[in-house]
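Next come two complexes built around chain A: one with chain B, the other with chain C.
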Partner chain A sequence: MKRSGLKAFLYLLPALIFLAVFLVYPLIDVLIYSFEEGYSSAAQSFSGIGWYNFDYVLHDPYFTQALINTFILVLITVPVSTGFALLIAFALTRITKLRSLFETVFFLPYVTNTLAVGMVFMVLFKTTPYSEGFVNMLMGMVGLGPVDFIEGPYWAKMFVLCFYTIWIVLPFKILILTSALASVNPQYAQAARIDGASSWRIFTKITLPLISPSVFYLIITGFIGAFKAYSDAVALFGTSLNSAGMNTLVGYVFDMLYREGGGYPSYASAAAILLFLIILTITVINLLYSRKHVHYS
Partner chain B sequence: MKKHRPFTWLLLIVWALAVLFPFYWMLLTSIKGYAAYNAEYTPQLWTLHPTLENYVLAFTEVDLARYLLNTLFFTVVTTGLMVFVSILAAFAFARLEFKGKNILFTLFLALMMIPNELVIITNFQTITEWNMRNTMIGLILPSVTSIFYIYLLRESFAQVPDSLYYAAKIDGTSDWRFLWKIMVPICRPTVVTVTILKVIECWNLYIWPSLITDDPKYFLVSNGIQQIRESGFGRANIPAMMAAVVVISIPLIVLFLVYRKQIMSGVARGGTKG
Partner chain C sequence: MRIELEHLTKIFPGRGRRNRSEVTAVSDVTLTIPDGMLVGLLGPSGCGKSTALNMISGLLAPTSGKIYFGDKNVTDLPPEDRGVGMVFQNYALYPHMTIEQNIRFPLENLKGDQKLTAQQMKERVEEAARTVDILNLLERKPSELSGGQQQRAAIARALVKLPKVLLLDEPLSNLDARLRLQTREEIRRIQQQTGITTVFVTHDQDEAMSISDRIVVMKEGTIQQTETPQKVYDDPANQFVAQFLGTPPINLFKGQVRDRILYIAEQPVLHTGELPDQEVVVGVRPEGFVLREDGAMKNEMIREEVSGRDTSILSRNPAAFSPIVRSILSNKEELLIPETVAAFDLNPRKTFLFSTEDGNRIRTELTVPSKEEDREDRHEGSKDERKEVRKEERKAEREFALAQEDIKKAREHTREAIRAEEKAEEGQGDQG
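Moving on, here comes the complex of A and B:
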């Protein structure tokens, strides 16, 4: 028995080392950092223990801006992308011809590099005195614009960010919902149809409750993912997100840590912990809500 | 039952176009000449004078080949290490008996919920203290751990019947041999899935490399493309930029088209991007 314990330990050892150094220790350390006041990277010393870092972050206008941006992004992209994915997944179940072609096409954004394709979106949405840009050309045809979506007004920049985020997250949601819909037994719908129920009624009263665990899973992961948005914003607006007024919470953390104005691991840690607390709260609310509305068979 | 469904088709076709259009646009722009592109105020949806000069520029003006090689090396080593370490741990959890196994496994699952953003701050400090900034090893080490993949592999390993294990034991097969000669081949679909998911993750990694490298010699493609956007090609040479974007996007799209079934079923089981 003792030998087998040693053997198991040896099998686990590599994973344990990696986890201890790069996950468990950092987790403890980030808490410590966040309470060390006046920490200096160069001297590796600090002047006191307390709430100052949190206080500083919460009163930093850049943090407030990042908080507002992130909340707007979350509140728009999560419902829109989940609803739209549901619509598309449902449409996919109604066709047989070309279905796998559509599924393949819809999945493409999942395997693309966020930074690289974001640059294409930037080109499409940008307008300059020399070049109108594709989206502005379309808008011109119906008499709108011109609007510079990349360096123009706030709502325009927020629109592109939301649009690109939705474009990026849809493949995952469509895939999950398509496989959920495929596992619904068609006999329920057939029985309801014989009883004279309308398609809409069948969808809301039978199909949707049956796939509600998947929808709920997507809402939870969607919230978490959207709160951690960052790369898409960099792809569209560049790395100076603070000056573009388009920073996100995760972006704020990394700017504090490293980029212009960086070198403040304590502020970064405090901001990261605040972000974690926000995500935790939202997830707990989601879980409590799901108890009432999700039907697990 | 046989009805035409115009709205369904319209919806599917419109979104398919919205997905494909950016890919079309990057290809189209990448074969437009610099002068021709800048001369058009209203974007042209077609070009009569395709050129490959942008692709030449992408490999000569900026170090695109190096970014690609770096990313390839990073992806292969990180994925290889991750798969090896995870298989060992998953085997211990699925097959071996030891004290505190359940507690340890629960602890692993709890750690799965820790967002990467929280630990990256200290990892940045650690790697900086170890003088591993701008090194491949500094890029690779913190990217290896993935508890979720250990969990997926364990679930798969646990389904291999006990009788196989005892039969192998009676034949005098060691645990090590059993793991690599019997267990891994039986669970090949899961191992392939985990590998592919990690490859996609590595190829598109941006945040960690952007923190840990500022020397273009060690850039991965994501940082390379960001660098190109901010200072490459002199005056905003959009066609050359798009050529670089095409080159960077192709490997994963090819991988996807080849392993379409595995990737989609793998993501349905274990993907988390969203």
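Moving on, here comes the complex of A and C:
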């Protein structure tokens, strides 16, 4: 090895050691655990090696439920939040009066304490002995019956979860998209107007392709973030997610390790590996798609 | 199509707390651009020329005034409905599209009965690309093209929908000097070929002079003069126009008119027509100085300056606005370069008088005073005689030139001889 290469390697060494110990080793360990059948953490022993852990997890109804929940969450929240963010960011660039005020308002949720957010959602959705929640009150005004959003039917609970997730991720996306839109040279839109394009065509044919790297970044991180959702569900429905039928994949992994019938690191590892494979597949698809439709200047 | 601007005014509101005062970018501009003409809006930066162009394109709405295309009032029409083609200063080619997609974009936007089939679009795109000679670049992205190629692609995009009006915003400012010359010829050729009424904005007088049919000189939002390029140069309407056009720039002097004689630094230089006695500003083009031993204007010589094809004399005059008076010599005069005093006659056709108050031109017939008589004498002779005289003149000039050459050579010889002597002496000194 050349001297300079050795020197560079030495500088990198501390970071590499940390990454190896706290990231690479656990990853490999998880992979190993997932193939060790009947592993007992107390005895540090296992009975055999094979696919049994995966077989068990895939046939566990709780896992199937978590998988469905996660997929619904991903498929609804990622497009809706990105679309909303795009709409709001575009509107923000168009107004001149009170623009900074609106920008601040839209960004506030990002800096708000999670507990405070939870309180707000309680007021909005939770049924208490004294009230049925603000949303139910509104629904009552247009003649719709009260719905228990926290302990009621599945669709109501899913609605609240999606609503909450979108609300949480929106500010960051608006921030990214506003700056992306601001960096687009207004001359392109002017040229397009001279070329006779309607506002809609300017947006879809000119503006959107020009900010596509930012949109793509938000979609990829949005997918990964939504697949890893857990804390939002806990914040809304408490820790017994399985019984509420609102568990997510990460929640399932966590439960297998620590909760109720916990103490099954092998099952947890198998589920984690499955989650990893899903995210990997989706990201690869995203990347392949982006090659065609994302324009990097 | 004829373009008419009627009392066009654009006022930008003041921005922010710091500069509340509004800015009048274009003020009461009235202008008619005849059909098929190439017109250059010329002026220093901030003179409102780009604002005027943007109002013609529809990107900016005028504060007041009207714009007509032909007989149609288009003042309130949005840009997409005006049917103009425009080339932006930095071309504004859509970076994510290929050149072909860029040129096709205006065609895809056509609506209703103007809609084209894919085949028609392809033909039109190729036709436009052929006009500007970029047929082989259609598959490339704008970032893969040189500045000149991007420029031509932008022109093709502006031309593809066959607009009645073509607008160019500083079309050459992003090109290097060589490409600029080439491209401006190209623009001229395309304009002649298509016959589209074309308006372009520039701050470069050479650009405007070389390709426009008409030049509109602007300053602080108002039109100073609208004329053919040569006329603007030869017959400026005011001091600003005279100063703005011409490289090297015009020389300005403080002058007085007394008894129909123009004095610069108390030296009588020219006769004027009927004019009251007054202070004036005198502008003399660099080529308006005629070097003569008995010239009327006597300047202190600074030095001569040779740059390629021209020889200039830099001199000093107490009444001049700038510390250096620059005059360009014709070839004949180069041999007579004086050493201490540069005496010039002024060419009355290259000399202009301006008012000291508002800079407007004072129009009067200027004439050369003393030599008027002998020139007339000469003209009285017969044609043959005149020919004879001219022949002799030329002969004398040639002989004079040869003599000068000889003198130069002799001087050179002497100098060399002196140098050789000095060297020899030095050598002896070393030995001793």
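Note that the second predicted complex is superposed on the first by the 267 of 297 C-alpha atoms of A that agree within 3 Å, B and C clash if a C-alpha of one lies under 4 Å from a C-alpha of the other, contacts with A are read in each partner's own complex, and residues count from 1 in each chain.
Going forward, a residue touches a chain if its C-beta (ideal position, glycine included) is under 8 Å from a C-beta of that chain, and two chains touch if they have at least 3 such contacts.
Here the structure is a predicted model, which means the values were calculated and not measured.
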Next item on the list: Go through the superposed model and pick first if A:Tyr56 touches only chain B, second if only chain C, both, or neither.
Entry: neither
Checklist line | Touching partner for A:Phe71 - first (chain B), second (chain C), both, neither | finding: neither
Next item on the list: Give one of first, second, both or neither to describe whether A:His295 is in contact with chain B, with chain C, with both, or with none.
Entry: second
Next item on the list: Examine A:Phe159 and indicate which partner it touches, taking first as chain B and second as chain C; both and neither are also allowed.
Entry: neither
Next item on the list: Determine, under the contact definition given at the top, whether A:Val105 touches first (chain B), second (chain C), both, or neither.
Entry: first
Check: Between chain B and chain C, which makes contact with more of the residues in chain A?
Finding: B
Check: Is A:Thr114 touching the first partner chain B, the second partner chain C, both, or neither of them?
Finding: first
Margin query: Which partner chains sit in contact with A:Arg201 here, chain B, chain C, both or neither? Use first/second/both/neither.
Written below: second
Notebook entry, point to check: Once the two structures are fitted together, what part of chain A is touched by chain B and by chain C alike?
Noted result: none
Check: Where on chain A does chain B make contact in their complex?
Finding: 1, 4-5, 7-9, 11-12, 14-16, 18-19, 21-27, 29-30, 33, 41, 87-88, 91-92, 94-95, 102-117, 119-121, 123-124, 130-134, 137, 167-169, 172-173, 175-176, 179, 218, 221-222, 224-225, 228, 230-231, 234, 238-239, 250, 253-254, 257-258, 265, 268-269, 272-273, 275-276, 279
Item checked: Touch list for chain B against partner chain A, complex -> 5, 8-9, 11-12, 15-16, 18-20, 22-23, 25-26, 29, 38, 40-43, 84-86, 88-89, 91-93, 96-99, 101, 104, 108, 111, 114-115, 117-126, 141-142, 144-145, 147, 150, 175, 200, 203-204, 206-207, 210-211, 221-222, 225-226, 229-230, 238, 241-242, 244-245, 248-249, 252-253, 255-257, 260, 263-264, 267-268, 271-274
Notebook entry, point to check: Which chain A residues qualify as touching chain C in the complex?
Noted result: 185, 187-188, 190-198, 201, 205-206, 209-210, 212, 295, 297
Next item on the list: State the interface residues of chain C toward chain A in the complex, per the touch definition above.
Entry: 57-59, 78-81, 83-86, 88, 90, 92, 94-96, 105-106, 109-110, 143, 157-158, 161
